[in-house]
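For reference, the structure is listed below as C-alpha cells.
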Amino acid sequence: SSGASPSASAAGSSESAPASVPVTAHSDLKIGVVTDVGTANDKNFNEYTYVGTKQGAAAIGAAEPPVTVPKDSSEFASSIQAYVDDGYDIIVTAGFSLGVATTQAAHDNPDVWFIGVDQGPPCVNAEGLPDTTFACAGDAATLLPHFVALSYQEDQAGYLAGMAAASASKSGTIGAILGISLCGPCIRYTQGFKLGAESINPDIKLVVNWVTESDFVKAFNDPVSGKSYGDQFLQQNPDVDVLFQVAGKTGNGVLDAACEAGIYGIGVDVDQSLSYPNAAKCTITSAMKSLALAVSTDIGKIVDGSMKGGDDHWDASRDGIAYGPFHDLASAFPANMADLLDAAFAKMKAGTLVTCPEKCGDLSTLK
Amino acid sequence: MTTERPPSQGRRLVALPATVWAAVALPFISIVLALLVGSIVILASEVIVPGHPFDVTLPVTAYAALFEGAFGGLDPIVNTIRAATPLVLAGLAVGLAFKAGLFNIGAQGQFLLGALGSVTVGVALNQASPFIAIPAALLAGMLAGAAWGFIPGFLKAISGAHEVVTTIMLNYVAVSVIAWAVSGPLDQPGSPSPITAQVGNAALPVIIGRNGHLGVLVALAAVLAVGWLLFRTTRGFEIRTVGANPDAARYAGMQPRLIVVLTMSLAGVLAGLAGATVVLGVTHYMMASFGTTVGFDSIAVALLGRSSPVGIVFAAILFGAMRAGAPLMQIQTGSLIPAELVDVLQATILLFLAAHEVIRHILKLRGVKAGLETTDTIARTYGRESV
Amino acid sequence: MTSDVQVTQAPALEMRGITKRYPGVLANAGISLDVRPGEIHALLGENGAGKTTLMNILYGLARPDAGEILVDGTPVEITSPHDAIAHRISMVHQHFMLVPVLSVSDNILLGEEPMAGPIFLDRARAHRRIRELGKTFGWEIDPDQRVESLSVGWQQRVEILKALYRNARILVLDEPTAVLTPQETKEIFAVLRRLRAEGYAIIFISHKLHEVLEIADRITVIRRGKVVGSRTPAATNEEDLAEMMVGREVNLTADRGTSHPGEVILRVEQVRVKDDRRSEVVQGVDLEVRSGEILGIAGVAGNGQDELVEAIVGLRRPSSGRIELAGRDVTHAGPRQRHRLGVGFVPADRHRFGLVLSFPLTDNFILTDYYEPPYARGIIRNEAAIDARARRGIRDYDVRTPSATVTTGTLSGGNQQKLIVAREFDGEQRLLVLDQPTRGLDVGSIEFIHGQTIAKRDAGTAILLVSAELDEVLELSDRIAVIYRGQIVAVRDGRTADKNEIGILMATGGSGASGSPSSPAA
Amino acid sequence: MDGLIQLLYSVPVLGLLFQFVGYVIEIVPRIAPIILQNATPIALAALCGVMCERSGVVNIGIEGIMIAAAFVGWYVGVLVQPALGGDPSAFFGVTPALLVALGAALLAGMLISLLHAWLSITVRADQIISGTIINIAAFGLTGYLNTLISTTSPNGAGAFTRFRPPPEIADIPVVGWIAEMLLRQGPIAMSLIVIVIVFQVLLFRSRWGLRTRAVGEHPRAAETVGIDVIWVRYRNVVLAGALAALAGAYLSMEGTNSFQQGMTAGRGFIGLAAMIVGRWTPVGALGAALLFASARALGDSISFARPPGELGTLLGQLPGQFFDALPYLVTIIVLAGLIGRSIPPAADGQPYEREKAAA
C-alpha cells in the first residue's frame, strides 16, 4: 500500500483539490498571494502555498488569485500594501521572512484577513505590533483577530521520514543535508528525523551537515552547488545510504547526488517524486507539510465565518503533515513500512509521541 | 587650417523648447520603443501560458497598471521615490568611481555592510532620542560602507589588485559577515530564525505621504554633495583627472593612489548610506537572509545616468517607478505577467539609448543629444591601469 | 603654380584630384601627385597641410570625397590597407604602427604570416627571411626581441623591414627621419637610394628641408590641402621651400644672441635611474644648469634622457645620486614641490603627460596650479579666474581654437603643444625642462617656440633642452651635453660644436666602434 | 627525521602550518574531481572573457549569456524530449534530445554575443553598458519565461552523466588522483582541460592567436597590415559566446538536469575575476578557477570532518561563515599578495573607428 492514508490527503499536487465543493458556489472575495523573495514556481513552499490559495478560491468560487513576487526584503511591505490598496479581502503571505511585514499590515488593516504561512506562533507586543524582541507580550488572537499565523509541526514530518530512512538503511548510517544552519523549520525537520530514525534503530548513525551558514541563495536556490556538496558529503561519508534533503532547490541537487551514488533520497515539504521527477528514481518518500490543504481550508473557514485569528498550528492531528507516497520504491522498505508509519502517525494524532527534543529548533542538538 | 565652431556652440542660442527636446528626445523615444518591445514579449508569451484566452489588450492593461502603481496618486509616487532612494545613492557610488576610472562592482557589498552597520547602532540606540539615534545610525552605515570601499581602493593602491576582482569577492564576503552578525551577536533569543531587534527610535521619520521617509532628503543631499565635490572643488578635479589620465595627474603633482583610495571610500560611504536608508527607513530590522538587488541595479542606473549626479537621479526614478509599479501590474493582470517584465523593459531602454546612433539614423533625428556616448570613458578605464 | 618638371616615364602611381573634407577642415583639396619607378618624390608641407591624409587615402585608411588613384596607369579601388598591399603599396607611418608587446618577427610577419599547415605559424621560416632581409642592409636584428625593448631608431628600421617584407614596389615613408640621428638618417637614406636603384617608386614625407633637398628627385609642396608647386632639388633652396610651405618668409635659424649665465640653478650629481623594466638606464649623470643659459642634451632617443628628465622633474625616483634646485636638495621631492620651486616642464609625450585631452582648454591651463590661489579658494575652484587664465594664455601664445571650452583633444598637435608652452612658460620659472618641445611641429610653430625659449633664457631662466633633433640642439644651446647609454659622454660649447662630431658621439658614445648603430641598443 | 618533525610541531605557529599543509595534501586528492567540477563553469566563463578581451572587447555580460544558455538548453530539451526521446546511452548518457539541447544552448550564447559584438563593435556603444544590458535582459527574460513555463512542471532532456574510470586508475601512485580528477567527469568538465590547452596553444602559436592579440593591443597597427579588425573582433566575441554558453549548459545539463531562476549564482562574474587573476591567459584563468574551487571544497570538507589536533580545535573556534567566505578571501589574498597588477590588453574596451586622425 504505497499512498498511505495520511499521505493520500495531501499528495501535494495541484490536481487533487481537497474540499470538492460544487463550483456552482460564487464569491466576489478578492484573494491575493505574496511569496518570499525568489519565485512563485519553486515546486515547493511558495508554489504550493499558491496552489492551496487557488484551490481555496476555486472551492468558494472566487476569482483566481494573483501572486506577486518581491525582489528583496525591502519590498515585502509594499507588495502587501499593493493588495490592500486594491481592496483585497484575503492576503496570503508565504514564509517566515514576511512575518513582521504581515503582522504590521494586519495591525494597520484590521478589516483585511491575512494568512501568514510559516509565521506561527504570532509574536506581538501589547499594542499588537510585531515584536522582534520575541517577548511576545500581546495576545495576537484578540489583538489581531484577522491575522492567521500558520505553522507546521515539521518535526513530526521529519520523524516519519526518519523512520523510513532508518528502515531503508542497510548500513545503519543515514544523512541529512540542510540548506543553511539559520533556518528554524529546517532544524525542526532534522531533529524529528533523528528521533524517528532512532525509534526504528536505536544505534543508527545520523550525519548532519548544511551547505552554507551564510548565503541563502546557495542554500536554497543553487542546485549545482547542492549536487557537488552532496557528492562531497557522500564521498566523506561513504556509509550513508539514505540521504534527507532540507535545502529547497539546492536540495534537488542533493537528491541528484544521492541517485547518482546509487543510494536513496528523501524529499522535503512536498512529494518530491512528483515535484522533482529527475530524482524520482531514488526518492523513496518525502517529509511533507500539507501546504495546499492548510491554506485552502483556512480560506474556506474564513468564508463560512468559523476562522479565528492567532496561531493556526498544523500537525498530524489536522493532517497538517504527512509522509510522501513510496511510488515505485516500496521495495526499498520492509513490507510493513506503511503500517509502522501509520501507527506512528496515529500516535502523533493522539499526541502521545515525542517528535522533538525539548530544545526544539536548536541547532546545537544536531552538532 | 580653419576649424568651424562645433555644433554644441551654436545650439546654445536656440530657443529653450528645442534644447529641452534635444535633451529628452532620446530617453523618451527609447522608453516608447521599449514598451513596444515589451508588449511583443507579452503577446508572444500569452501563447505559452496554458488555459488562458488570448487577450490582445493585455499589454495595455499591464502598462496602465504599471503606471498607476508608479505615478497614479500620492502613495504610488511616494513608493516610486522610496524605491528610487537607495538606487540614487548606490548609483552615485558607482558613478563617482567611474569618474575616477574605477569600476566599482562592489556597491552590493558596500550596501549590505552599510545596512548592517546602521542596524547595529540603530538597535543599540532604539530607545535613545531620535536626534541622537538617527544620525548615529546613518553615520555607522556610512562608516561600514566606507570600510568596504576602502579595502579594494587600498589594495589597488598598494598592489595594483584590479578592483573588479576585489569588489566582486567582497560582495560575497559581505553576505557572510551579515549572516554571522545577525545569527550571532544581533540575534533575538526567542526567534525561530535569526533576526535583529527593531531599530525603534533610529527609524527614519516619514516626511511625505504614507511612508516617504527622510532618506529621500538624504539622497538629494548626497546628489548635491557629489555634484559639488566633482565639479566645484579641487578634490573633484583631481578625481576627474585621475580618471581621465592618471599620468597627467602625476605630472600635475596629484597622487593617483591616494585619490583611488579616497574615491573608493567615498563610494563606500554612498552605497553604505543606501543600505542605511533601506534598513532605517523601510524594513526597520534585518534578517540573516537580508539581500538586495540594489547593488546590481545601481550599475545600470549609473550607466543610464552617464555617471552624472543629475542623470543618476532620473535613471533611479525610472528604475524606482518600475519597481514600485510591478506589484500592481501583477495583481491587475492576474499574474499572467511575471514581475521580470520590468527587467526586460529596463534592459531594452538601456539598449535603445546605447544604440542611439542607430535610432537617430533610422528616425532621422536632428540636433538631438546623444544617448550614452559620454560614458565611453568607462569601458576605456576598465581596460587600463589607473594607478 | 605649375610643375617645372616634365614627365619622362610612365608613373607607377598617380593620384588625381584627391579631395578629403573632415569636420571643419578641408584636408585635401584636389591634390594630384604621381611617382615613377626609380624615383623618390618628396612631399613637403606644414602641419595639417594634408600630407598624412593624402597618404592615408592612398593606403586605404581614409576614403576620398573625390579623385581617383591609378597604379601603372590603370584606375584602382583602394578601400582598405588590404587592397593597398594587394597593389604592392607599402607605408611607413608617421606614428609607429608596431605592437609593442610582440616580437620583431611577429610584428613583421603580421598579416602576411608564413604558415606551417593550416593553423600554425612557421616562425622559423619568417626568422630566416627577416635575417636575410636585414643583412642586405647590414642590420643585425634579433627577430625574437620584443619591439618595446628596441630604441626608436631600431623600431623605425623594423617598420621599414615590415614594408619591404611585403615585397612592395610603391613605398611611402611619412616623416621617417623625425626621430633619427643624422647617422641613422644617413643610413636610411643609403637604403632608400638603393631601393630607388632597384626600381622602387618612393614617396618621402618630411619637415626637414635639407633632408628633402638631399634625397629627393622631385619635391612637391602642399599647403592647406592644395599643391603649391613642384621643384627639383637643383632648382630650389631651403628659403624658397620654407616660403612655399608657410606662405610667408620664415626665419629658419633663431638668433640665439649671447647668454649671461648666472648662479647654478640645477645641479645633478651622480644620478642613477631605473626604467619601468627595472634596468638602470641612467648611470651616474652629473649636470649643471645656470640661470640665463640653455643646456642642450643631445642623444638618440632611448638613451636614458626620458628617465633623466622624469627624475629631474620628480616623476621618477632616482635609485641613487642627488638633485639640487637653487641650492635646495630636491632628490626626494615630488613634482608639486619642484613646481612650486619654479620648475616648468614641457614633456615629450604631450598626450600622456602634458594634457587631459577630454578636458576643456580651461582645465588644462591650470592643470599644474589648480590647487592654489587665484584658481582655488580653499578647496573651491574659482571658475572666473580659471577662465581668465585660459583667455590670457590663448591670446598671448596664439593658440588656435574656436573657444576656451572645447575639449582639448580637438586641437591640432601644434596648438596642443602651444597650450602646454603657454602654461609652463608663464610666470617666474627658475628652471624650464623642455623635452622634445617641437617634435612633429611645422616651421611656423617651431619658430614661435624657439623665440619664446630664448626670451625666457634672457629673462634669467635656466633651461634644460632635450631633443633628438640635433639641429634644434645646435641652434639653441649655449652648452651641449651628449648622452649615450645613460651617461654624459661629452660636453661642448654650443656655438663652436661640430655637428658631425656630436652626431658620432650620439651614435657611438665616442668610445669608438662599441655600439655600432647597426645592432639594436636594447 | 621524526625528531625534526617533532621539533617543528613544537613551534606553535609552524606546527599549525605543518598540520594544515598535511591536511590539504591528504584531502585534496580525494576531492579533486569535485574541485574540477566546481571550477568548470567558472573557468569556461573566464575563457569567454579571455577570448573577448584579448581582441579588445570587454564582456561583463558573461553571467547573462550563461543563464540564457542554461535556460535554452533545458527548455529545448523539454520540447524535443518527447519527439526524440531515447534512453541515455552508455556514452556519457548522451541522447539525441540532449545533443539538440546542447546545440541550441551554444547557438543561443553565440546569438547573444552577436548582439554584444554589434553594440560594442559596430555601434561603438560603451562595452560595459552593452554587457550590463545583456545581464539584465537575460535574467529578466529567463525568469519571465521560466515563471510562465514551469507552471506545468515539465521534465528536461536529462543530463550528461559522468565517466566512471576503473578503480585501478585511482590506485596509480602519485598521479593516480590527477587521472581520477580528469576522468571522473562528465563530457563538459572533461573537455575543459582540452579546451584550455588548445586555446592556450592557438593563442600564442597560431595565426588566429597572433592576429587576435595584435587587434587587442594595437588595432590600428593590425589594420595597416591588412587585418580586418572588425571581423577579427566579431569572430572572437561570437566564438567566446559559445564558451560562456557551454558554462551555462554545464549548469543545467551536467551539474544538474534542471533549470532554476538565477542558477548561475554569480559564477559568470567570478569567472570575470578569474580571467583577471589569470592575467588574460587560458591557463592562468583555469588556475584561478581551480584555486577558487579548491578553497570552497576545502572549506566544505573542513565542515564535514574537522582535521585532528590543535589545528582542528583552532578551526572549530572560527565561525562557520568564515569557511563560506574562504574562497573569496583566498582569491583576494592571492591577487593582492602574489599576482599584483595584472595589465589588460592595451586596447581593451576601446571601440575601434576605422577612419581616425593619424595625428
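Each chain gets a letter, A, B, C and D, in the order it is written, and its residues are counted from 1.
Rule of thumb we're sticking to: contacts are C-beta pairs under 8 Å (C-beta built on N, C-alpha and C of every residue); 3 or more make two chains touch, one makes a residue touch a chain.
Predicted model only: the values in this text are computed from it and were never measured.
Looking at A-B and B-D side by side, the one with more C-beta contacts is B-D. Chain geometry summary: the mean Cα position of chain A and that of chain D are 35 Å apart. Note on chain placement: the centre of chain B and the centre of chain D lie 28 Å apart, centres being C-alpha means. Annotation: 77 Å between the Cα-based centres of chain A and chain C. Among the residues of chain C, those touching two or more other chains are numbered 48, 412.
Multi-chain contact residues of chain B, defined as those touching 2 or more other chains: 172, 175-176, 179-180, 338.
Among the residues of chain A, those in touch with two or more other chains are 40, 181, 213-215, 217.
Chain pairs recorded as touching, per the definition above, are A-B, A-D, B-C, B-D, C-D. Every residue of chain B that touches chain C in the complex is listed here, in rising order: 1-6, 9, 232-235, 237, 240-241, 244-245, 247-248, 250-253, 377. In the complex of the two chains, the chain C residues touching chain D come out as 22, 47-48, 52-53, 56, 59, 61-63, 80-82, 84-85, 91, 93-102, 106-107, 110-113, 115, 119-121, 162, 166, 174, 412-413.
Residues 38-41, 43, 181, 209-210, 212-215, 217-218, 221-229, 231-233, 235-237, 249, 252-253, 256, 260, 275-278 of chain A touch chain D in their complex. If you check the complex, the residues on chain A that touch chain B are 32, 37, 40, 63-64, 66-69, 71-79, 82-83, 85-86, 96-97, 100, 123, 130, 132-136, 181-185, 213-217, 361. Residues of chain D touching chain A in their complex: 30-31, 34, 37-38, 41, 143, 146-147, 150-151, 153, 155-156, 158-159, 161-162, 251, 255-258, 260-263, 265, 297, 300-301, 303-305, 319-321, 323-325.
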